[in-house]
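Before I ask anything, here is the structure I am working with.
We just call them A, B, C and D in the order they show up, numbering each chain from 1.
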């Protein structure tokens, strides 16, 4: 087991290197660079910079160097100083931006996951143990609706409803009154009020698919012989359900926990854009559009690393939970 | 009729129906039998004959829905502290209730056809056996339960049981798994062991070992066995009494000897003929003609009518033949042994 | 509601202060509960204000005496700030009727009261355009966006010699940076000699506006410092347009010529102490590229809303301060601001501007509808007007329809696109005329601008903007596109299938429907147009690389009446523009009619804006555009919806919407 | 000789005493029509897929969903015929107009369904458009009407439409008009063509890759497994957003929008196989230890045969669930990309493009008909899920 983990950790290194390269170079495939984007943005606002000014900016930010030199410098900064570089678009170090936004993003994502599981797993279990019942039909239908409605559309419609019936602006993290006030309980409560909607919308598709997956897995497991064996032992239905099939039905869920991050993240991008949450998603989209390469590269690198680690954790969990995999090496 | 003192389970007029999309399957139709203490009842039948459902009814684990017990009673004679005994109607107990659960696994153990999947793949064998012990035997510590588990594993012939107890099912071979299964079923000294085709999935030498083991254990634990099989030969080897079932009906019920030496029902005879004999020539081998009718079919007469060699048109297809006691202890459901048939 | 109470609170506090002679120090915002009880009766004491009648008299008598914001008065009392007369220049800029906005646009200017916060929103990363314009202070000024009647702004005044070559400027004596340091000609000298003159920071020297004839290749003007408050710029050729170039035109700010040298010197190798500079470089992960350090720490006017410029000394009405929340920009009044109203009260009236970052412009509108936005221009949409109107009573705002400072979409056909057949065709004026006549502009006005736009009579003219399919067809037949394919599309003059690839960006919401409508309407005269939306950056780089065959974009200078001349070629003939900017070294030599445009520009730039000569040249420019049709303007005079809190005073009723931002320091909250 | 010995030997010769009945499990449950010998035979010899088909037919919701999906696809295939106008036809005066009401009560009482012409006027107070019906003249709705000319499948020129008001008559806009006065109903039908087909190709390719590579990885193990697994880790962990942007900029610019989009869909499906491959591998790891795989191996079956013939059917139901989730996933993905401005763009018409048009508070608040295309998206995704559910139940051999 330890050897397995060690081997997997070792395998991480080439993957992360590859990811860092891809995240740096692929985003620079489209023509132009940050300076041209910047100049374009100024032009949109009516400010015309001269070509000389453009050349000056290009040289000043080091865009005239070959890309691999830029890459190596960036990597060196990350590895030696934990410095992810500088965001041209925001005019500050990438680290500052990440520090501002990563906690909120992770909090929202994890909360959304938590909420979606909290809703979906009991429903999934109930649906599987009471298939074709009224509750099952309702739960399945709601799960499908959660899956079928584009999150951004839902965000718009709910935002409208919140305005129409509560005169509440769902946009952003705070109400106007708290925008520029220091942290207080009232401000915190206000933030929570604003987070309810995004967490629900981000968690909804996840809840929909979790209900489905849980129901399908558990129904498969419930038909297995070992359930009948356990029942023949005289176990109570609840003990039986949770000790055996539920645990096994969780496995496919846990095995995908690593990829939930990118999935939740991509949902988060859209919803955060609509609801203007200061999270990582909109930051990445803007950075990519503006070719703010160190920022884009850093976000992609961090997300990818989290995902790789997530799937590593899933694998370790699976290996730990399933003796057939745990003893894979020994039984052969 | 046997002395009521040694009656363990008495099944009276059991009727179980499966309500399916396509119609109703009369899986068990008017079945009555008695299991005596320390004795073995063999139940024989093809797929869909209702033999497993009968056993599951005793155990209270019939999949419901779609199954539904329509009628009948299942009495279990339970001894109270070794002195008296009380009789419980199992079919009246809620199958998921505490009372039934206290019987299930404690008074009745069950082993199944597929040793491959009968154990949870993610729990150790020992854990799963201990669970039954902890559940049913009062005031037993974990350590004692473990020791008892090792003991019983050793008893069923698992070598190095003290180490194997921590193994997972995939680390056991098929035969070993079935031994472990038996160990689990016996872990609480049940009065009745239901063996639902326990050797079907095993090869012949292992099968023989398992059968031998069951016989030994039966003596040792003084328990009754309900042995279910589609294999006449195997049942012949273990049973004291044999019950032949066909499409939910009991066709013949007699002592093992009677069934083998003097099979009365054309179906039993046909089954007997389809098995090669050591001294007989192979030309006498004869499969049963026709195929099993649809389980949804409602048979006005004898369900075996369409495949029967001795059928009497106008009698057998008109009404269901009654189960008649031809001689003491030998019951058969066939018009050949009734007034109508003889006439 | 909230605002009413806040204002009445302020009134009460002011009253109290006046009564106690300033003995008590209780910042209004911090103890709302304590004062609330007395708020209600106090409100009654304040004179009723009606927005239509003469509101000058409405200013409460109580704070008439106070010349500065209460919060600043507190600081002065606490000794943390010098008194007002030490903070104001000797001759402050006086704002009154017709000063920041013309009397036509804002007929009833009123002096205001202090207080309140303007809540707004921005959607660009680290860049709040609405606030940027509010903050911006050019060197010279004229009402609105006008360049007709130029006066001093940051610079107190100026004189021009007869042949428009020598410009004498006078700084405001006593003018101070927001950190209290005086503004002197040292700051001018620093910018001109140590920034523009330093080849590390500015490899190409001073920008075009400081060169003869606003020509990037022109000879730079010469700076002569007279004393602390007076300096001269001299050019070798007449450059009357120099003055315009120091106004708001092009969104210029004072940073073009004046920057806080006392602050910037620490990053500049010519001034900084070697070891201190070294430490700063090390902190910024730089070796000895001090010019990078310098640029990272220098803020030009368009950086004023950027987070990194928090704390940078400015001359703006509000200062960028660190915000309490991520994605929010906060601006507080500049205690050293140098403008006063006619009563001598220091501007700005409004305490604070808070702009929240939005990711999706659509949702700004939700915030508008809930009344959470007090002022919005950049992110509004004409299409939303019915929604604004429906909710303005409930949410307490006004929807003001003003003019847009750019002319919305125009169809650009690239005359230097690398395709011989295309070039020959598009350079034929008849082709351009045909396309112009094939456009049913009324449909654009109805569908895209909800009738808030007009036909482009100035730039395209009556004849060419009249929808006339028959004439368009006839012209197309004439230019050799008579043959049609099976689908009814015209073949090119070379007999091959003909299609225009129209690529447009997403800079504005009207570009995409305009492009679609152009394609659909041109199909009716047999011209095949393939429309493709591309990323805005990609659009920019393709434009620069002369790779766009056709596009829709806006034409820019409606606001500054520079007409449809030279600048047009940047998009409609990049190779000609390149030839021009490179003095004929690169690109392709344009035909005579195109060169005329630049000639006109040069002449106009040498004349003084607002002069008769200037205005004549301006008209000539439009005439040139109508004759030559370098770009097919689709509509003119598009309106812009502006959202303003109902209580905001001095909101213009006409003119350019963006001019209202520009005059932000005179906005104030009434009852 | 005892009976026991006899029978033991007998069993050695012949496994089982009674001819076993096909693959019917010993639960006493099987599924056939009543009293039909022929049906019985058919049942016993039915292949797995036939069984799935029969079971699927019993799933009412899934059958309804499948029927509706087929109708949607049918409409999409014959979009030009079923939509009264082309997707680009503009109607002056119908910009942002609500759906045209269909009347049956005219001046002369009940008559065949008809529409009125109408005029549009900007209300100077509310700044909304007021639409007034011109009730003086009625325009009956006709089927198989001659209307606007179009090229069917880009091949045949015709002007036959399923329904409409005929050439020159005021239009019938069932779902109202968009900003430029185009018929939203026609646009929805045209859009379904792109939206419903776009996922299929990518999903199909992803699936083939996922099953093959996941299969090899799970069954072969060792170095192959390691390499494929790490490739999967890599592919899964990279956010797709930047890739879309890079690719959409790097593809040839002359390509029309749809071609570009298809190209990107294909390229991304090469990335999309990873998730499925992981699942396939996991399932195979569990299954390859099972007896039947070992048995097949012992019988000398080739490796690929074991994987695809013996092991894959073991989790068909799981694959089907994944598949039915992947196709609607692609439909939703298209709308999400359009929302970000990275997917389909006008003048191409897809549901994503129409949804992007409707992402407007004005639409939600004042012109709700512009949200109708969203109902199609949600509906199509739901239908795919229902069909998938039905398939899952049908493919499960133990389902009742």
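Here, a residue touches a chain if its C-beta (ideal position, glycine included) is under 8 Å from a C-beta of that chain, and two chains touch if they have at least 3 such contacts.
Predicted, not measured: the structure shown is a model, and the values here were computed from it.
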Key: Between C-D and A-C, the pair with more C-beta contacts   = A-C
Request  = Work out the mean Cα position per chain and let me know which chain is farthest from chain A.
outcome  = B
Ask   = Which chain has the mean of its C-alpha atoms lying nearest to the mean of all protein C-alpha atoms shown?
value = A
Inquiry  = Can you compute the centre-to-centre distance for chain A and chain C, using the mean CA position of each chain? Integer Å is fine.
reply    = 39
Query = Centre to centre, by mean C-alpha position, how many angstrom separate chain C and chain D?
reply = 49
Inquiry  = Rounded to a whole Å, what is the gap between the Cα centroids of chain A and chain B?
reply    = 54
Request  = Averaging only over C-alpha atoms, locate the centres of chain B and chain C and give their separation in whole Å.
outcome  = 91
Message = Can you list every residue of chain C that touches 2 or more other chains, as numbers and ranges?
response = 362, 366, 369, 535, 538
Inquiry  = For chain D, give me the residues that contact two or more of the other chains.
reply    = 245, 249, 289, 359, 361, 365
Query = Of all the residues in chain A, which ones touch at least 2 other chains?
reply = 30-31, 156, 160, 273, 289, 322, 324
Query = Which of the residues in chain A end up touching chain B in this complex?
reply = 224-226, 228-237, 243-244, 247-248, 321-324, 327, 331
Message = Please output the residues of chain C touching chain A within their complex, sorted ascending.
response = 2, 117, 119, 124-127, 129, 132, 202-204, 207-208, 216, 250-251, 285, 291-292, 295-296, 302-303, 306-309, 323-328, 330, 352, 354, 356-360, 362-364, 366-367, 369-372, 405-406, 507, 535-542, 544-545, 556, 581
Inquiry  = Looking at the complex, which residues from chain D come into contact with chain A?
reply    = 226, 230, 233-234, 236-243, 245-247, 249-250, 275, 278-279, 282, 285-286, 289, 317-318, 321, 325, 328, 332, 335-336, 339-340, 355, 358-359, 361, 364-365, 374, 377-379, 381-382, 385-386, 389, 392, 396, 398
Inquiry  = Using the touch definition from the top, list the residues of chain B that touch chain A in their complex.
reply    = 59, 61, 96, 98, 101-106, 109-110, 112, 114, 117-124, 128, 131-132, 135-136, 168, 170-171, 181, 184-185
Task = Going by the contact rule at the top, pick out the chain D residues touching chain C in the complex.
result = 88, 90, 92, 95, 122, 125-128, 151, 179-181, 245, 248-249, 253-254, 256-257, 341, 345-347, 359-362, 365-366
